[in-house]
Amino acid sequence: MTQKFGAGIWHFATYVDRYATDGYGAPRTVLEAIDLAGRVRDLSVVDLNYPFFGGEFSNEQVAETLKRNNLGVIGITPEIYTRTFVKGAFTNPDPGVRRLAHELVTEAAEVVRYFGADYVKLWPGQDGWDYPFQVDHGALWKHSLDGVGQLASENPDLKFVIEYKPREPRVHMSFDSVARTLLGIEKIGLPNVGILLDFGHALYGGESPADSAQLAIDYGRLFGMDVNDNMRGWDDDLVAGTVHPIELFEFFHTLRKNNWEGVWQLDQFPFREDSVAAADHAIDFLKTIERGLDRLDMDALRQAQERHDALGALAIAQRALYSAH
Amino acid sequence: MTQKFGAGIWHFATYVDRYATDGYGAPRTVLEAIDLAGRVRDLSVVDLNYPFFGGEFSNEQVAETLKRNNLGVIGITPEIYTRTFVKGAFTNPDPGVRRLAHELVTEAAEVVRYFGADYVKLWPGQDGWDYPFQVDHGALWKHSLDGVGQLASENPDLKFVIEYKPREPRVHMSFDSVARTLLGIEKIGLPNVGILLDFGHALYGGESPADSAQLAIDYGRLFGMDVNDNMRGWDDDLVAGTVHPIELFEFFHTLRKNNWEGVWQLDQFPFREDSVAAADHAIDFLKTIERGLDRLDMDALRQAQERHDALGALAIAQRALYSAH
Amino acid sequence: MTQKFGAGIWHFATYVDRYATDGYGAPRTVLEAIDLAGRVRDLSVVDLNYPFFGGEFSNEQVAETLKRNNLGVIGITPEIYTRTFVKGAFTNPDPGVRRLAHELVTEAAEVVRYFGADYVKLWPGQDGWDYPFQVDHGALWKHSLDGVGQLASENPDLKFVIEYKPREPRVHMSFDSVARTLLGIEKIGLPNVGILLDFGHALYGGESPADSAQLAIDYGRLFGMDVNDNMRGWDDDLVAGTVHPIELFEFFHTLRKNNWEGVWQLDQFPFREDSVAAADHAIDFLKTIERGLDRLDMDALRQAQERHDALGALAIAQRALYSAH
Amino acid sequence: MTQKFGAGIWHFATYVDRYATDGYGAPRTVLEAIDLAGRVRDLSVVDLNYPFFGGEFSNEQVAETLKRNNLGVIGITPEIYTRTFVKGAFTNPDPGVRRLAHELVTEAAEVVRYFGADYVKLWPGQDGWDYPFQVDHGALWKHSLDGVGQLASENPDLKFVIEYKPREPRVHMSFDSVARTLLGIEKIGLPNVGILLDFGHALYGGESPADSAQLAIDYGRLFGMDVNDNMRGWDDDLVAGTVHPIELFEFFHTLRKNNWEGVWQLDQFPFREDSVAAADHAIDFLKTIERGLDRLDMDALRQAQERHDALGALAIAQRALYSAH
């Protein structure tokens, strides 16, 4: 089987932030972004924001653009973090806004069905807090779980994946870590809720991404993943493999060891780079990793790990990865 | 009821580190440390390392020294992080060392019974990893849970508390966060395993300690707590309240709101300070906090929190705390 | 003399970020922002972004709006971090863009003269790098200094202040710390270049803001300052005093001890809060600090500091600050 | 010319910390450590702590042991961070202790002369502060510079190198960054004071080590360097190249580009690893880096950097490094 690669469609958008309010480039429509995605070597699927950005587009228009670019849809990400939701989606203090979040995700579920995608991706980035004393933490967490749980139980035919992240745009996000998210998912207690593990979120949250992946797998909840890189202090969304190649290699080794088969996705924000080149650069490195995994002496590695022999294990891993480049 | 205060007996020891290998002062025996603890205003209980440091001392000698200082014992902390265990206690690659850890904790359990203490405190600081690829993460975590679980099931008359911490002395510690530890405790599935929440560990792990406390309470697992302060990047074990008074106040507010009644303990390392003065300074501030809680307008605060009104809530909290000084 | 308070006019704008691309509220013009600033108790001056945001406004329109709100202008901040400059202003690889930066700042200098403001504020947030190997570090730093130096030498009648910051929006910013900026200023060697010290930037850069202030003062380069708060890991721009009151108090103590007399400014981004309330909340706390400084036993503090007696010094500081609330 | 490799002799010692107070292994004498160093492939020089650890040894004994291991001495590190100096060496509040620090370094200078070493290495790890308000920052900094300056002016025949570090064992260290240290060195104004740049200290201080090296070189102050690795949050002193190979490669590229010729040293603390294996592992990777530098297309890289083309530059660097393994 050939490894499939994917990317969030926002990889091919342009961005704004609180300083460059006029954007890091001219705005693009989702259709233009899909056409860019189509130019990446070896990209098979995309994750689409919903509503579609840059204008009013029908599912059919999007489907047609995808088709001519040979791209499928892996997930739909409802935008539950825009102006309406800046004080929270599932945890908004206003029940009317919580209802709007529910409605938007419910619409997104329909879009998942339309495209035959794998899941609804939930990234409740505005659910959390900024200041000490701002919220009742017990109530906030309950709202987080109730919001997700209700959607999952109303849509038993679909998978819902939660992408946790330590912070940004909130100073602290409710679903902040792999363990907290698993704890919440176990409390919800439904089979169709899982984790979308973002390598960079784990890394800058102080986790070892390989350990996070193993834990999610052991709970049967690793429904998806994406990669990028950062400086361990913020969600920089840099090109995968450019800063922390060894830990990225360990992450993928953990997936293979557990026979986890799924799409290797990119979640990068190439603010100042050419987005097609950024995706190609990352995928080239992911292919190095794939070859490196083929060359990895799994038996010798397992034996070194049984002794907790860091240097022995690293020598095996370094040799396999670098010789595969 | 008057609030009781406690401290780890190591608060009154002297320290070494990798640079000042000759120590930050002349070594002290546990008996000398207890005599120092006795000089702190308003200290009721201590947590004792086991084996007792500084010489060979019987339980009786320790008990007598405690008695003349009017001190009780809240917990016993077996030293499962010394030379024997530098590659791990519960997770050591050598089953013989894992057995030694088991035996040492079992002995500590007897000491808990002798002193009528509340719990065996487990701080498996050497259980974890340093390098990528060093360990099989699934196996390591299983060993962590098995080690604790076996002890808890063999000693159903006692409570075992796990003190999690992100790192140090390992680059990454197995029980690294409140959520991971709760996840493990739920997996163990025994009623006598809980959390000892260290305010500073939560803080430098990127948690909001108030949120961590609420979560542990909601799972019925907050068996103990201690406080200190740091710069959010390391376990500095500074004097409580000196750097982050507001978050400390929010932490205690959360305990009171949930009617959590237990000892307020100190886990400070006054490397260069007089240890009695450091304890007095902290307890003075904890009493300010206690008075501040009495003055806190709980109704108004709850209403502000229902709106997620950070500035309204903070105005109430700041007024109550500062006016109580 | 009564202490004067100021604020960046962006405090009263609304914001966008990479997620809430439709903004944390409806856009506001600079004139509307000034009218909001006018509603803050005890605000005397503002720092204005240039070009004026939200439309085409003449200096006269802005002056009139300021006048009816009883506000003066302390500084002008040319926007050398918008789309044109996303790959750098002074350090842009394209000499044409470097020229545009020069021209924009030169225009801003004219606006400083028009308003009789104190300084041109330079915040070259896009000057830096994101990836290893991306730039020639020597050349980049030289461009940074040449760009500032040329402006300062062409406008000897004006002061130029550099606001350093560790990172954001670049992964690493050229003027990243107080010491680096002073080193650069000394190299430039002109009397009219100084530092605008942002308390939060120092804090999350791992500096002690009080130490940073002392160093800048000792070089005669502390030309301005502003305050806010954060969680030490990012430039959260929270309301001043809400998280780190003691270090804020030490910062202002250092200013007073050195007879530094200047405006106490706010640089806050109240994304989800009422901006007038956020400014009032901060200024209320700054007044507490002012009263606290009046109560501070400077002699006793100096003696404790001569002994490096942390607990003694803190007891004096805590008493003075909290009793002033 | 063949690249020379060196190591701090403490690399071959055993360690204690505040938890494993009985050590991570049986104590070793400096002579035993030298014998271990002699077993490392391709080690030419060592940096020796002074006083010699593990017993009373004469210069002659040490020289003889070095000789039979074919090792030279690059520097002498006086232990100005042990019990006598826990409240500071150059900045100790007690002038008597400051004098002791001066005397110990003066003795170390004699040892440098005896061994014909390159420099006295100053690592004033206890000079700094722990708490807000603890010190008068201006006075502390002045003491730091006076202490170093006096020694340098009294020993004009010798070089003194300052090894800066953000923190540990103090919560904040006086010489905390490359820029602060250069600022201090320029203030001292003597030709024989320079920087010993530790890659890991720069990395966890949020610097780009390549940028730090360039800056120190541009001031003519890069007198020495050593390498290791860490997780960017603490001075873990892991084996070089195991976590951040790309930034290590960029660091050495910067040295070569500037024709900086000096020893490539290791400053690692293999707490739980075999120390000879840890040194060999690191030096193997440093040789990969050396070969990688030979393969690096410097012209193409320079052109990519002139465009700030991160992906282009990284592709060149990744290819050169990985193919050299």
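Note that the chains are named A, B, C and D in the order they appear, and that numbering of residues resets to 1 at the start of each chain.
Keep in mind that, in the parts below, contacts are C-beta pairs under 8 Å (C-beta built on N, C-alpha and C of every residue); 3 or more make two chains touch, one makes a residue touch a chain.
Fair warning: this is a prediction, and the values are worked out from it, not measured in the lab.
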| item | value |
| --- | --- |
| Starting at chain A, fewest touch steps before arriving at chain D | 1 |
| Farthest chain (mean CA position) relative to chain C | B |
| Between B-D and B-C, the pair with more C-beta contacts | B-D |
| Intercentroid distance (Cα basis), chain D paired with chain B, Å | 35 |
| Inter-centroid spacing, chain C versus chain B (mean Cα positions, whole Å) | 39 |
| Shared interface positions of chain B, touching two or more other chains | 87, 130-132, 167, 206, 231, 233, 239, 242-243, 246-247, 272, 310-311, 314 |
| Category of the chain touch graph - line, ring, star, complete, other | complete |
| For the chain A and chain D complex, residues of the former touching the latter | 206, 231-233, 239, 242-247, 272-274, 277-278, 281, 285, 288, 310-311, 314-315, 318-319, 321-323, 325 |
| Footprint of chain C on chain D - complex, ascending | 87-88, 93, 129-139, 141, 166-167, 172, 176-177, 179-180, 182-183, 186, 205-206, 208, 210-211, 214-215, 218, 246-247, 249-250, 253-254, 301-302, 305-311, 313-314, 316-317 |
| Interfacial residue positions of chain A with respect to chain C in the complex | 15-25, 81-83, 86-87, 125-126, 130-132, 167-169, 171, 231, 233-234, 236, 238-239, 242-243, 269, 271-272 |
